[in-house]
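Both of the next two complexes hold chain A, though its partner changes from chain B to chain C.
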Partner chain A sequence: MKSARGRNRFLVACIAPAVILFFIFMILPTLNVFRMSLFEKGAYSPNETFVGLKNFKMLVSDTNFIRSMQNTILLIVVVTIVTFAFALIFAGILSREKIKGQNFFRIVFYIPNILSIVVISGIFSAIYKPENGMLNSIIGLFHKMEEPILWKGESLVMVSIIIAMVWQAIGYYMVMYMASMASVPESLYESASLDGAGRLTQFFQITIPLIWTNIRTTLTFFIISTINMAFLFVKAMTSGGPNGASEVALSYMYGQKDAGLYGYSMAIGVVIFLFSFALSAIVNKVTDREPLEF
Partner chain B sequence: MKEKKHTNSTERLYKFFIYLVLALLAISIIVPVVWVFLASVKQNKEFYGNPWTLPESFYWQNFVDAWNTAKMGEYMLNSVFVTALALVILLVVALPAAYALSRFKFRSSKFLNAAFMAGLFINVNYIVVPIFLMLRDGDTWLKKVMGEGFLLNNLVVLAIVYAATALPFTIYLLSGYFATLAHDYEEAAYIDGASYSTTMWKIIFPMAKPSIITVILFNFLSFWNEYIISMTLMSSAKGPKTLPVGLLNLMQAQQSAAQYGIMYAGLVIVMVPTLILYICVQSKLTQGMTVGGLKG
Partner chain C sequence: MKRKLLCAILSVTMAASLLAGCGSDNTTEQTTDAGNDVTPGTEEGTEAAAGNAEGETISVAAIETAYGSEMWQEVAAAFTEQTGINVELTTDKNLEDVIGPSMQGGEYPDVIHLATGREAALTEQFIKGNMIADITDVLSMTVPGEDVTVSEKLAGGFTETSLTNPYGDGKTYLAPMFYSPCGLFYNAGLFEEKGWTVPTTWDEMWELGDKAKAEGISLFTYPTTGYFDAFFYALMYSVGGPEFFNKATNYEEGIWETPEAQQCFDIVAKLATYTDPITPAQANDQDFTQNQQLVLDNKALFMPNGTWIVGEMAEAPRADGFKWGMTALPAVEEGGDAYSYTWFEQAWIPAGAEHQDAAKQFIAFLYSDTACEIFAKAGAIQPVLNIADKLEGDNVMFYSIYDNGAKAAMGNFAPFEAIPGVEVRSVFFDPVNSLVSGDMTEEEWIEGVIAGSDQMRANLK
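For the complex of A and B:
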């Protein structure tokens, strides 16, 4: 039998580095987000003063912050619904039908997911360019434009970001759902079509219920990650402009840090943190179904 | 008989419709990417006409300018260094931790497992500001003690931060694999007189190769493409930069200077390594989906 001392020494050696790194670069900063939100701390004043909930009171009346939260919620709702609808439908088709070149489609649809958000925003700036941009030149074929459409102008900028985000996410989720749909036994579909169930019925009565657990987990994670992806896209594509029209919560937080208002910035961080937790709890509750076995 | 014919033609219409939609989606992905590749060899004056013309000639000067003048070559080296170092640190730290946490029961093992699980919910974008402030304060302190601060604008520190923030996901993924192994492997090794660490390095880790490759793939992509942490911790104008941040600066400079060719060359330089990797391992990546499904 091996000695308990040796076992403990081995375990400590294995775990200590991970715990130390995790504590310094994840736990400590997280605690700091909450602590600093109660302080006033600026870039040029080395001292911090405790101000209690003052930062949060300021947030409530900050119209820029409220707009950034509205934009975040808009992105969460629209991007999630569009991405999931398309990803599930395409996955349903590709995993059920005999499609020639199925592999080709799978490989192509996954490409946006491996590109840096900076690259994607570069690609989309070529698409959205008002003069000689790809999108405007295609629209120009069907419909003569007096003025070029300003895709990154104040009125359309959110639509443009939504398109880019869906473009990036759709393939990833499609490939993932294809993997889980492949595990649904063929016999279920066979007996369903003997009973005269059509494709749509099969999709909604067999496929969706059977992979529901998977959909539910990914939905929760997708919603949380949309808050982050929105930040990555906005920062690279528009920096929140024009005139703050595309500002989202995290980019507003980052902007306040650049402005040197660290305490205020962290108060925003706390609000988003709590918001995302509450949201995932709600989604988890709403999507709760009796899991089906097959 | 007649009815059968009818279902056949709707069937064909349905098939056609499916192919149409799939093809449109594929085109919407391929065309912009190929367009960027073509644009990267166009001369600047070609950008003022129809965007769908092919390049007049292969204008390689864009790449030379991007590589040298816009320093993308230097940034490429930085990115290679940071990504490689971060991957090494991550594996050296995460593999033993995941092994110990998933295969051994000890006093705090439950708590530690829960803590790393909770870490899955902490996104770096929330904590990048405190990390920045912590390193900045560290620099101020170092300046007082040693006359010089080296925590910010440091590629090694950046790599450590990357590795640390990837720990929860990586440990989660590896633990999931280790937990499926039978305990017989270790028992047999112990009977043969192998120590704990020999067993871990020689028996267990070689078996975990597929999981390790998945970990490397996912983290390579996320380290290579990351730009928020890099931008925040490497904010000094003269300090080193990684590729995506360099590209972002190039894109912003391009808006005033209108040097489109160089910008698209920069895009290609950032894109190509990930595309090559993807072509080599695409089946692995899409197979790893079910485990990577949580990452978003």
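For the complex of A and C:
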């Protein structure tokens, strides 16, 4: 009896530091975001006034915010689909097929993930340069251009950011898929090929169902990381321009804080928080399947 | 038992490492402090003054711009020598990020040198929040080490603008610092080579634009839309004079539907059609130097800028025979006034600062001959009388712009309570990017300006 109580006390003592710190540095700030979204306050001013849901009402009519949210959703959808497809295909090829230099490709695909976003933004800014940038120079070889293509101009800037983000993300997800593909037993493929299943059928009937739990996890990752990465890319590549065309939700939130609207930017934070939570939950629900055992 | 012991050790280690995490904050702070002392080089000044009776220490935070940060170290040292007040100096290119967090915690530097118009808009936030100390009495203070007052030294007009007196109550809150005439910068060498003359009216400007186009040169480019503020202010002055400017910058009702305003919009919209088409794609904080490069490469003729451009692009490659030239904005009609906007930075004391009196002395000292000379060496020109003698190089030509007939335009848009999604730059100037790329029409721009201006008026301070 005594030892059981002592054991419990010991467990509490072990967990306490982590719980306390987690509460102070994670839970409390998050709650504070929700609280601040109901206030009006400058980032540096000590005074705050309670305004209820006014910040949220203004959000609905703020066209700049709506545009930044649209851009965020566009990025989440397109970047997720494209990266997902490429990562899955590459992972399938690299783990199932025998090709020369497999390790080389593995490393090459993963390298963008090691680079910092600022470096990647620098690389892509150079690629997208209107005059003597790499992309325009290559296109110029095949097709005579009257005017340079403005990759960071208003109409193409989102496409340019998508390309950079996909390039950056593929390696990471590819490695994740490869890891779970490696654990699929070889015997399944053997018996499938004896039954006359082709490679594509094997991929869709064996590989994908067996790594489904992993795919579900990565879909949540996609949502969270796209929201976060988009901010970094926008900050380092376009600063939201031209004329706000590449503004995303987080960069808009950051800008509003600078404009002296701390409460308002916290309201944006709340919207993003709820949005990403809800989206992850929906995706999780929709992709729910009976887990397969092998 | 053994396992328990192991668990205990592990948990203690974890707790300790977490605490170490907290503790490292202090260490960083200490190292930063030490770093501050070393980098800005005030340690000599601080030590030298430590023996003095005053012994008070003020903290000064100054933005590091194209002028560099050494001049601040020298000025701080000179100030300590003169008054015995120690200076703890912080300089950084992203000053907002360095001093911002501690200010949010209620700890303010005593003097901040940080101009308005920066992206983080820290100074604007302090203006909007009424968090800047009134420094009107500094004007009548004697400059430390001299026997004249600050206002006797200051050049005329600088303490009468809405930038220094943001609330229009006759009180000065921000001290004018480093001024720079803004105008259109161009390659004087190219003009000589081609035998072109610098246009004095907008009609001549368009003519020149057509001539240049025939040779494959664009008439105009701009670094970012942020540079349009100085441009637009001068334009408003040259179109409608000070009266129109004051009405417009106070968002008077219907002001944007007047013929004067229409003329301003027309000129900018027409200029957009003469702008190098790749400009908007590079008009961001990362790529703006590539737009400036267009002028150096003779791909565009004019860009709005300030005198710091010479230092900023000093290392950049350039066309043969390149020579900086600068002109005021052309007049709207033959014989009309040409204006050049006088851009200047601001130094101010946060209302929450601890050592207000010493801080005021420091600001007064910034106008002393000693300080002005130190600043001038780095190319930063204080708005004091008789500064012309201290000018060197290209600056002689730049700062003589007002002697050559151009009028000085000063002032800015009146501050207003923060409104979600509505800022001066995003309403007035950012759309120029869309005008150039053709994604927006002049009418849409004007509509946006009127709508934004209405909201600003309703929220005027």
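In this text, the second predicted complex is superposed on the first by the 266 of 294 C-alpha atoms of A that agree within 3 Å, B and C clash if a C-alpha of one lies under 4 Å from a C-alpha of the other, contacts with A are read in each partner's own complex, and residues count from 1 in each chain.
Operating definition for what follows: a residue touches a chain if its C-beta (ideal position, glycine included) is under 8 Å from a C-beta of that chain, and two chains touch if they have at least 3 such contacts.
It should be emphasised that the depicted structure is a prediction, and the values quoted were computed from it without experimental measurement.
When both complexes are superposed on chain A, chain B and chain C clash.
Within the superposed three-chain model, A:10 lies in touch with chain B and with chain C [touch as defined at top]. Look at A:139: by the touch rule set out above, it reaches neither chain B nor chain C.
Of the two partner chains placed by superposition, A:188 touches none, neither chain B nor chain C.
In the superposition on chain A, A:175 makes contact with chain B only, while chain C stays out of contact range. Contacts of A:18 after superposition: both chain B and chain C are touched.
By the touch criterion stated above, A:65 is placed in contact with chain C alone, chain B being left untouched. Once chain A of one complex is fitted onto chain A of the other, the partner contacts of A:125 extend to both chain B and chain C.
A simple residue count on chain A separates chain B from chain C, and the partner touching more is B.
Of the two partner chains placed around the shared chain by superposition, chain B and chain C are both touched by A:236.
When the two complexes are superposed via chain A, 92-100 is the only one of 38-46, 74-82 or 92-100 in chain C with C-alpha atoms clashing against chain B.
Overlap of the chain B and chain C contact sets on chain A: residues 10, 13-14, 17-18, 21, 121, 125, 129, 236.
Across the interface of their complex, chain A is touched by residues 15, 18-19, 21-22, 25-26, 28-33, 35-36, 39, 47-52, 92-94, 96-97, 99-101, 104, 106, 112, 115-116, 119, 121-123, 125-134, 160-161, 163-165, 167-168, 171, 190, 195-197, 200, 221, 224-228, 244-245, 247-248, 251, 263-264, 266-267, 270-271, 274-275, 277-278, 282, 285-287, 289-290, 293-296 of chain B. Listed in rising order, the residues of chain A touching chain C in the complex are 10, 13-14, 17-18, 21, 42-47, 55, 58-59, 62-65, 121, 125, 128-131, 147-148, 150-155, 157, 236-244, 256, 258-261, 264. Partner chain B is touched in their complex by these residues of chain A: 2, 6-8, 10-11, 13-15, 17-19, 21-22, 24-30, 32-33, 36, 90, 93-94, 97, 99, 104-112, 114-119, 121-127, 129, 132-134, 137, 167, 170-172, 175-176, 179-180, 214, 217-218, 221-222, 224-225, 227-229, 231-232, 235-236, 250, 253-254, 257, 262, 265-266, 269, 272-273, 277. Those residues of chain C whose C-beta lies close enough to touch chain A in the complex are 4, 7-8, 11, 14-15, 18, 100, 103-104, 106, 119-122, 124-126, 128-129, 131, 224-225, 277-278, 280-287, 290, 418, 420-421, 423, 426, 430-434, 437, 439-440.
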